[in-house]
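Right after this note come the structures.
First chain A sits with chain B, and in the next complex the same chain sits with chain C.
Up next, the complex of A and B:
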């Protein structure tokens, strides 16, 4: 017990002696693990390469500068594709994620024994695979192009939106639900009047946030042939056209900044 | 009107909340349900419209037994029972009008409620009720923009929008100040008298209960230990319900509260008058 009785009075400590020793043991294990990892890293590194890293970096920068701004005119269409992949993928993800979230939330699921585990599995499966991997799989199945990119973004978004939304549904105020149910409302009406108004701000925030993430993710999907600006990045990398890569990076940076600004504005407007 | 026979509720956790509660209520009768925390007041009131499932006994509304109904029948009977909650339980992000109209949900099909196209008669009734509870100017406000007393008025309007035959009222004044508490209790009792509407009011403020209700039922540990007129509520009876306490001291504090409330009201009235006198 953290409270010990002594002759002078009661002494209170946050942890018992046993817990204190366990805490120290935990720290020792952590330090040992760190030392071991450091050792592994040293063995796997060729220090001759690292030693001339500053020179290599300077060389790379030298070749990347000045940016070839004339390359921009060939980037507008891929950029438009990228934004479309992100937006359509997010919309598709939302359409699937909303029902999945209601099936997964403990307080709205029709069956906690059968339906809920299935919905949770859908969410976990979607979340456990990166968009790039989804894109890789879909390009092999559907062939290269925008469609593979859109579906990859959608498949990854289902898990993200589904998880955050079902957690928001589980956190609603149940007395409001009780009050609407007490009027004799049907289950769809209870959902419309008591649950949806409570989760709407969270839903809007989550969706816009995911769209913002998807803009970033769709810029690299082209690396595996799923359309968008990543394809240009890939071909520039292959031809070592560093001055073009600088232009692409600058464009991606501007796009991401704009999408963050838009999503911040939208979230602020809704909440 | 409403007859409860040997009502039992035992929770899965093992708590025996109601141990064979029986009583009957006449039309137009306002009953105050008092008792210490954990006596089963909330369980009792929630068993009547089965927000809490009773584990035994009968709840007879007219001739029908609510305790043995299936889900469809339950929805039908819930329309006839209005409920008012302690923390108002309004849907915070909906407007006052939507909250009041939600009292009609049991009567309209889903698509009408979804598109918010309620029959004009329902909307007329909602306007009339909001006027009755003194909220005509707040129809389009969102519920979370109102004060506590105003929210409870919306809660009352929502319950009445159902055209109920019975009101269940769970601690209507627990979140309100003494003056607003009295106003809300007065409003509830006036409305019940106007419509000859029976009501069961859970209330922990004994003085407030004595001031307004026709009949008091005292609950202790899931059993009815008192049932009678408010005047019959002597110190002995209170001790039987709540256990030992200096009841006269408590009554005195309550009187002081009331005096305070009256002073506050007088002060506000005087201020409003001063404000009115100031030339624009």
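Up next, the complex of A and C:
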């Protein structure tokens, strides 16, 4: 932090002149890049549609109010399906993710050179594709329905649970492992008595957290044909039945809030 | 751990990992079992259709192994450019809007009324996932990346303001007290006490959100908000698996690159 001596006394400034100039240069580059991207992005934008938006919004609001509450009775089964997609998908994801996490953790992997990179690749590949894209693929392969949704949720969950769990395994207290090993325990017994009890709370927390995210995601998987409430949303969108869409959005909101509450309660109880 | 002494004739038994009460444990396991039976019973899977799918799965995997980048190269390129530009512009606009909202939503520096307003804005933005917002914006603003840009900006606000507000609430109060003691105004307080403390985190979070926005930009195209997702959706509905494989590979590579560089930048600023 520079202090300049002038006739009237010392003047303190937060940055040196050089830092100031570099800061301004950074801002100019950022603004220029933004302007360029904005220009490229809006090449195909119809500004007449954009300026029309307030009218469209008013029209939309007009058509979606009042909500058609009688539509609710056709949503209970899709809601049950949605919850099943999320829950079964999470379970399936856990079943695959747990061994993958143990193979990926530096302190439990059987081979750091061959197995660990493969396990890490599985985790990264699963994490980088959104569950909606997984569903899009699986629907074309397996046909529309719940199975595609469950598998999509499971495939996305593997990476999430696997990553957080292997980080938890790497952070365990090694002294406990050493203590159990000192009793003459085999490697499986060390796993069972020293590692698992330490990561179990983290594991339960991660699973419930992912279940909560999965409920959120499974409500929209039906947009690409993977069943649940999203399927009703898609058919209502196709027929422009906005009064039904309001009901669906309300139901999604309630479901998400309830699942978030449940997951927060459970995690609070565990940790 | 049950405190049993190691006396001859007695054996140590490991206490159960979950639910110490036996009755509760059996009840929970029983309820889980009943749920599983019910859920699997109502699953209703068309196995004939699944069996037919194996042939398509084979074609899809071959499309993945021999991706076709060239036939629809123009479409892929356009989709990619749309995705990248809308990711960047949406992140910039989202960050610009979420800084004042984040400051307003911090309990220690904002008056109660402003706090309530900002917290409700955050709650609204976080309530719905990007796809639902994209559906609404596409209906209002028409198809294309502009709707996607609005969606991502909107989603960025909820994410960034919330984390920024929590960060401001966690700052070291002694520094702001020191600045306040010099007679600084509210803006000077923000500038000299709060901003230096939260700036590294804010940059880190913005870079992280840039990464998330790119992932999301690959998805919202499915409902018509432009970007690479739209190209992917088109190629899937054309059963053009070679192009779809190419697009997926591009998405995976870009997401991996974004995640890798964003975690590096975050480590570097913090």
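Basically, the second predicted complex is superposed on the first by the 230 of 271 C-alpha atoms of A that agree within 3 Å, B and C clash if a C-alpha of one lies under 4 Å from a C-alpha of the other, contacts with A are read in each partner's own complex, and residues count from 1 in each chain.
Everything that follows uses one rule, which is that a contact is a pair of C-beta atoms (placed from the backbone, for glycine too) under 8 Å apart; a residue touches a chain by one contact, two chains touch by 3 or more.
Being a predicted model, the structure only gives us computed values, none of them experimental.
Q: After superposition on the shared chain, which partner residues are touched by A:113: those of chain B (first), chain C (second), both, or neither?
A: neither
Q: Regarding the shared-chain residue A:252, is it in contact with chain B (first), chain C (second), both, or neither?
A: After superposing on A, A:252 lies in contact with chain C but is clear of chain B.
Q: Just to be sure I read the superposition right, which of the two partners does A:175 touch: chain B = first, chain C = second, or both, or neither?
A: After superposing on A, A:175 lies in contact with chain B but is clear of chain C.
Q: Is A:200 touching the first partner chain B, the second partner chain C, both, or neither of them?
A: both
Q: Once the structures are superposed on A, label A:37 by its partner contacts, choosing first (chain B), second (chain C), both or neither.
A: second
Q: On the A-aligned overlay, A:28 touches which partner chain: chain B = first, chain C = second, or both, or neither?
A: It touches nothing on chain B or chain C.
Q: After lining up the shared chain so the two structures overlap, which partner does A:183 touch, if you call chain B first and chain C second: first, second, both or neither?
A: In the superposition, A:183 touches chain B alone.
Q: Spot which of chain B and chain C makes contact with more residues of chain A, would you?
A: The partner making contact with more of chain A's residues is C.
Q: Return the residues of chain A at which the contacts from chain B and from chain C coincide.
A: Dual-contact residues (chain A): 193, 197, 200.
Q: Along chain C, where are the residues that touch chain A in the complex?
A: 14, 17-18, 35, 39-40, 42-46, 49-50, 52-53, 56-57, 60, 81-82, 84-86, 88-89, 92, 127-129, 131-132, 135-136, 139-142, 144-146, 149, 192, 215-216, 218-219, 222-223, 229, 232-233, 236, 239, 244, 248, 251-252, 255-256, 259
Q: Which residues of chain B touch chain A in their complex?
A: 49, 51, 75-79, 81-83, 85, 87, 89-94, 98, 102-107, 110, 113-114, 155, 158, 162
Q: Which bits of chain A are touching chain B when the two form their complex?
A: Those in contact with chain B are residues 173, 175-176, 178-186, 188-189, 192-194, 197-198, 200-201.
Q: Could you list, by residue number, the parts of chain A that touch chain C in their complex?
A: 14, 30, 33-34, 37-38, 40-42, 44-46, 49-50, 53, 56-57, 60, 80-81, 84, 87-88, 124-125, 128-130, 132-133, 136-137, 140-143, 145-147, 193, 196-197, 200, 204, 216-217, 219-220, 223-224, 237, 249, 252-253, 256-257
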